[in-house]
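Pasting in a structure now, in structure tokens, and then I'll have a few things to ask.
Just so it is clear, A, B and C label the chains in written order, and each chain counts residues from 1 on its own.
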Amino acid sequence: MIIFKQLSVKTPEREILMDITHEVRKILSHSNVREGICRIFVPHTTAALTINENADPNVIRDIINYLKALIPQHGRLGYIFRHGEGNSDAHIKSSLMGFSLEIMIHDQKLMLGTWQGIYLAEFDGPRYRKIYIQIQGE
Amino acid sequence: MIIFKQLSVKTPEREILMDITHEVRKILSHSNVREGICRIFVPHTTAALTINENADPNVIRDIINYLKALIPQHGRLGYIFRHGEGNSDAHIKSSLMGFSLEIMIHDQKLMLGTWQGIYLAEFDGPRYRKIYIQIQGE
Amino acid sequence: MIIFKQLSVKTPEREILMDITHEVRKILSHSNVREGICRIFVPHTTAALTINENADPNVIRDIINYLKALIPQHGRLGYIFRHGEGNSDAHIKSSLMGFSLEIMIHDQKLMLGTWQGIYLAEFDGPRYRKIYIQIQGE
């Protein structure tokens, strides 16, 4: 069985990690997949997807802020960005973080770890972002 | 249904992002998968795969050049590479970017966003590189 | 057919790449999948998974050590981590490297390249880590 769904998310800031775990679980709960895979994909080039800690909100702040220091909006290390839209940093961060996640379904449960949440990584907001979700299994 | 195909690509420079979207779409067009997944994998350790903007070529130049500044061929930050082949930078960049992509197929379409292209990231060329493509679905 | 298995690994140091290729192949050898996918996932937020060279051990040392220089335990670039557990660096590195791998199975073989090994990336050890493995195919 294969199910395809689309989510829409409004990101409130230029750079932020937004927890979408609840939305993904809700879609999953309507399927009856016992064993399979839950795929998540962003069809953008300045936003990404990641997994990280869902307990202390300082963790995701440290991630977004340290990436901002490492790859600032207007460059560093003597390199001047050529792309004229002022968001080359967002393209770079997205390619490093990745545009998709694949999380196993086993015994009808999404096999996330206890401390793992699913995050949309916005690097060039605020914007409306689309997220594709595909559930495949038995 | 599962289809497996192999592409061969010659990369022209040491560090370059090469658009392979057309080649992937061509393989997909010969399948009749309506709902499923298109997987792409490089069986190398100094090349990777990513998705990014297909419109302004300065975007992919900024990605490759900023990564070159962050992780230069002969190191930085006081760290001297031990591996004797002069390509530790390429191994590091590849592990950060990743060796595989998974792109959904829905309604017989590859679900890339409007501005998304698929790129082979060469970090230690020029070389011949292999790319595996697997299409699975109904 | 879908198989789900769990591995347990004890990591000996704070930051290390551990080769788990043999363990993954052993699980695969008990399945009879001819065409399909082998998925690997870590249910943690300070450890990750990657592929890289299995020949010269200096390659994986260069990867772990250069990441340590780029994202040190107590920060850099004027940024002070807010998360109080002293492992924000491990959370950042894990999100950049990624928590899952997907490796194709074709003709009953795991389609790794000649020089590719599968590594658990520990960024906040020593610890016991769980690894989920899912094999799906025909």
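As a convention for this text, a contact is a pair of C-beta atoms (placed from the backbone, for glycine too) under 8 Å apart; a residue touches a chain by one contact, two chains touch by 3 or more.
None of these values were measured; they are calculated from a predicted model.
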item	value
Fraction-based call for chain C against chain A, same above half, different below	different
Fitting chain B to chain C on CA atoms, where both chains share a sequence, rotation angle to nearest 5 degrees	120
Centroid spacing, where centroids are CA-atom means, of chain A and chain C in whole angstrom	19
Residues of chain C engaged with two or more neighbouring chains	70, 96, 98, 102
In the complex, chain B residues that touch chain C	2, 4, 39, 41-45, 70-71, 75-79, 81-85, 88, 91-92, 94-96, 98-100, 102, 130, 132, 134, 136
List of chain B residues in touch with chain A within their complex	35-37, 50-53, 56, 58-59, 61-63, 65-67, 69-70, 96-98, 101-104, 106, 111-116, 137-138
